[in-house]
Amino acid sequence: MEIHYHDYLQLDKILNAQDLESKKHNLEAHDEMLFIVIHQAYELWFKQLHFETDSIVAIMSRPELNDNSPELQTVVHRLNRMITILRLLVHQIDVMETMTPMDFLDFRDRLRPASGFQSWQFKELEAKLGLKFDQRHGKEYYTSQLRQEHVDLIKKAEGGNSLLQLLNTWLERMPFFDEEENWKSFVVHNKAEGVHPFWAEYRYQYSNSLADAEKNNSEDFDELVIKNGKEKERTISAKAARAALFIMLYRGYPMLQLPFQLLNALLEIDEQLSSWRYRHMNMVHRMIGRRIGTGGSSGKDYLKAAADKHYIFREIAQLNSFLIERRKLPLLPREIGIRLGFAGNNVKE
Amino acid sequence: MEIHYHDYLQLDKILNAQDLESKKHNLEAHDEMLFIVIHQAYELWFKQLHFETDSIVAIMSRPELNDNSPELQTVVHRLNRMITILRLLVHQIDVMETMTPMDFLDFRDRLRPASGFQSWQFKELEAKLGLKFDQRHGKEYYTSQLRQEHVDLIKKAEGGNSLLQLLNTWLERMPFFDEEENWKSFVVHNKAEGVHPFWAEYRYQYSNSLADAEKNNSEDFDELVIKNGKEKERTISAKAARAALFIMLYRGYPMLQLPFQLLNALLEIDEQLSSWRYRHMNMVHRMIGRRIGTGGSSGKDYLKAAADKHYIFREIAQLNSFLIERRKLPLLPREIGIRLGFAGNNVKE
Amino acid sequence: MEIHYHDYLQLDKILNAQDLESKKHNLEAHDEMLFIVIHQAYELWFKQLHFETDSIVAIMSRPELNDNSPELQTVVHRLNRMITILRLLVHQIDVMETMTPMDFLDFRDRLRPASGFQSWQFKELEAKLGLKFDQRHGKEYYTSQLRQEHVDLIKKAEGGNSLLQLLNTWLERMPFFDEEENWKSFVVHNKAEGVHPFWAEYRYQYSNSLADAEKNNSEDFDELVIKNGKEKERTISAKAARAALFIMLYRGYPMLQLPFQLLNALLEIDEQLSSWRYRHMNMVHRMIGRRIGTGGSSGKDYLKAAADKHYIFREIAQLNSFLIERRKLPLLPREIGIRLGFAGNNVKE
Amino acid sequence: MEIHYHDYLQLDKILNAQDLESKKHNLEAHDEMLFIVIHQAYELWFKQLHFETDSIVAIMSRPELNDNSPELQTVVHRLNRMITILRLLVHQIDVMETMTPMDFLDFRDRLRPASGFQSWQFKELEAKLGLKFDQRHGKEYYTSQLRQEHVDLIKKAEGGNSLLQLLNTWLERMPFFDEEENWKSFVVHNKAEGVHPFWAEYRYQYSNSLADAEKNNSEDFDELVIKNGKEKERTISAKAARAALFIMLYRGYPMLQLPFQLLNALLEIDEQLSSWRYRHMNMVHRMIGRRIGTGGSSGKDYLKAAADKHYIFREIAQLNSFLIERRKLPLLPREIGIRLGFAGNNVKE
């Protein structure tokens, strides 16, 4: 049977889903159409972000996921797509800003208490990516205006395997440090009990690279990478942190190329989400100033706090504090080099 | 009654309007979801562009429209919003490009003959803005795949008052040249019968400003601005062209500020539409190469021809060929200066 | 004499101004070239922003500046150009982000203590726009690393007429409220001594429009718009604030169109500067984490504080809190309407 | 020795390289500053693009370049940086468009015959990437306004190893088809003498996948991929084309991931260059209409022809016409699979 564009896209539904509240009150406000359409466009894209996230979570849940496989390539490709979509969503705020505050006032009072704060898809997405209830600004507050069915979806996402948790598991699985045989030849300046020779050596090199004013970075390093410090606050284990740092340091090796692209994409997602919240906050501020949003709260404050605090992969970002110059990197044992995709020689980019 | 975001945006409709054809054939292709969502987002924005265009057309249809009124301000504001939306639509192609050709092949055959070429909203929009059947690449071709009800909508738009026609009427209404009394003092170097003294003088100045290699610009000037030449091809009258050129030249006068912003916005709309077609064409080329699109044609060729030919306000753009240096502009009579918003003195920006 | 592109642009200078420090140390780091070029591009654009700002300041300094004149049109046009440049500068961060933290480490230590924090052009620009010493995060800190000659430039800018001050003066000059004769017919529900009848009435209408939770907005309104409260913190006078609010409310009138575009452009400049600082901060964070920048400080903290506090036109932004619905706006006296560009009737957009 | 930002960036040079011609003629035109600064910014970025291209060419010239090595990773990373820069350059046209045609007329005549057409860096870049003299629109024309020293640079680039040539060599080196032993088990439906079994089979599958209207694609396929047809026009050999197509088809295999990213990046560079030319052309058209540019020619026509014809990696782009559905891909022999990074199984993404 022939398929027609109009039916295929179900345009009868999509293009007939805009009913202006201001019209129902006989106070038709021209800009309400824009308000509806832009939010519908956001929700369409949120659906797409969910679709990509779900597929990534499904792949990352496979116990046999190989670090250089087409599956991991697919994960990186889809994360990059998510980034591209997020950039578009940031840009989309430009369109919202063509609505002036007085244009908004023309229909604002008709919408109460509906507000973007009730976008359950966005909150569910944060949860799927790995934002935990405890990290939320205002804790319970973020679900206070949602329907039970949508709260349930978010709670389910919080309870399930988030991308962050799967990342942690996947990182912890990295085999190289456990291959004791291969590390026999590795030279360590400063051995430490219970610490793998590579990390003992790296800690020594890192510590030497610090400027005077940076000296207490060493403690942070120990806390995050060596010991399992600050247990309650942290979201990835020290073991996973070590694997991630190793990937960042030796990303030149074939086996670590895709893993590095993966980590980088996650940081970029956090950065785009943060940009979106920040521009969103500025836009809300410009639109309603100190007035109260249709959702009954000062939207600006929530968005600001979220922009400052809701970094999901923040411990991965922190690892950037613990890098050293490439030419001072410890030379890996030849056997490990082979395991990572080719023989010998420290990696030079 | 309290309004909830979810109902207000009719998300039950919007988020349940994605049925994958590939899934129906048990050959689920992950990227088909993106394909559907992005086209739905495009159609949502097309709806918004129609909504803005309709409101602009309604304002421009009022016989008493004043050149400095809030109505004209509203027109300019909404045209600028359309530009902002068009920029977003150009950017949106970045998202489509995250789909690789092989990802597309995974479901392409399931869609035939549906294709973006069947987007009647886009064609109707072109018609409302002023694109005529005769200017269309391939003439009848552009409606060949549409349903009768959608063809009718487009034909109706082509038959009605397009923005371009209303612009023509509005420009022709410009009163200043008809005020004979006010031009008595105006000095003309080269009078010409049947030509208003201002234009006789301007033609003289323009002609003097031309470099040798540009000399036949004078003929183009006469054709477009003085006589009503090339009648069949042209879309605005010589009278309207004169008014538009006058606005461009003397835009420093208060009464001409908004009219200038209006003309500029129309050129920008053409430029964004052109960018959209061009990037779209490149994207299609990259996606299917010399293969045939789901619509059964070489999408690239149509898009290329449209990008080259479908300029709607092209005669306004051509007027940019007929400008001269600001300091050589004829000094307007004092009375005309007052009519344009303040006394005397040639305008300097 | 014939001019050649190469000489005209002085490309011998421009293209030979990149000396890599890492090369001098025989540790050539590929990415240092990007680091130099991108900062040079920033400084070129800062020069252009200064050039535009200076020309705007010169126009705004003219005592006879007319609200509907080509001069004001020029101001708005150039402010919009500045916005377009600022958007580009925000985008430019994407290019910087193609440098990974380890690529940066390859030459970071060679640059100390040079850092972007020493961009005196940027700080001078902030000062010219209106950022005062007292509003600076960390006060003296911001000049601590600059040469005396550059500190002097900034101090001079702080001492001179900033765009903000000129805006204040220009707003205070608005004549309409002083034309007592014209306001005789104006109806006031709630007179108040020493308060102009329009503002007495507007305060009444505004207060009625507030939701319960917004009630103390009335006090803010009085503080900022009626009394000259919070004298030390404020940067525009109550008189100027009233003029600005009036412009925002009645922007449909011909005489207020350009003034409204002006106010809007200033808010957009603040927003783009804020976006730039925020993305810059995120980029720095990703590049050096908790390490110390080449300038010896935690660049991130300064940038974050600046992004949160360095809003220059913040009182104009606050006025958005004091708007009411268009259909509830007080009807202006007929005479005032004429003065604003046409007779009677409340403005509807 | 301490380094200061101001000296490090040689700002005394950079910020003192703007001399307005209009000022020398005592006809100072405000917008000439923008004209100079934006072109200098372009030339700075062109220098950076050369720097990246040179480094990529150096790496690609190494005979021992490994397909999965850090070197290839570096190539891909730097190509992606070039793309990011090109996107910025496209965006930069927005800034140029804040100059209106009349603003340009204020100084245009002072610049003759200088014009952007004299940007030898850009033409040299095209040559380094692989654009040959024969492919140039108007042949000799493109160097007609350049100084001999710059013509020499371009000729040298045309004579040397371009990125396109190195790509060809690198692709031809692909070893897998030569490993006869490994293909013994491969099943072919339609053997052909002198044709490798894989390509005989692939041609069969491709041909079956074509719709009726696409049937002569088979000839194009033979011409470009099997025989070395159209020798004079083509820029990569059939052997290289086969390797590139193989990479596109089997990019899921670990060894082909980076090669695929490389090919994709090259297509993106062509697309961005094309976008730049197209928007540039539109901008020039809007600025001078049918007037002649400062360079004495109709800039628009050259830019349009270049946008249509100057695709450098066009044969790689054409390969997208020759893909088939992933699930119909021939299954590779187990031994080849191992050579490509893992055992057996057709790749599913």
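Each chain gets a letter, A, B, C and D, in the order it is written, and its residues are counted from 1.
Definition applied: contacts are C-beta pairs under 8 Å (C-beta built on N, C-alpha and C of every residue); 3 or more make two chains touch, one makes a residue touch a chain.
For clarity, every value in this text was computed on a predicted model and none was experimentally measured.
Comparing the contact residues of subunit B and subunit D by number shows a mostly shared set, over half of all numbers used being common to the two copies. In this structure, the chain pairs B-C and A-C differ in their number of contacting C-beta pairs, and the larger number is found at A-C. Using CA-based centroids throughout, the chain positioned farthest away from subunit B is A.
Note on chain placement: the centre of subunit A and the centre of subunit C lie 32 Å apart, centres being C-alpha means. Residue positions of subunit B touching 2 or more other chains, listed in rising order: 77, 349.
If you draw each protein chain as a dot and join the dots that touch, every dot ends up joined to every other dot.
The touching residues of subunit C, when paired with subunit D in their complex, are 2-6, 8-11, 13-19, 21, 30, 33-34, 36-37, 39-41, 43-45, 47-48, 51, 55, 77, 80-81, 84-85, 87-88, 91-92, 94-95, 98, 110-121, 147, 150.
Subunit B contributes residues 27, 100-103, 105-106, 109, 211, 213-214, 217, 220, 248-249, 264, 267, 271, 274-275, 278-279, 282, 285-292, 296, 317-327, 349 to its touches with subunit D in the complex.
Residues of subunit D that touch subunit A in their complex: 66, 68-70, 73-74, 77, 251-254, 257-258, 341-342, 347-349.
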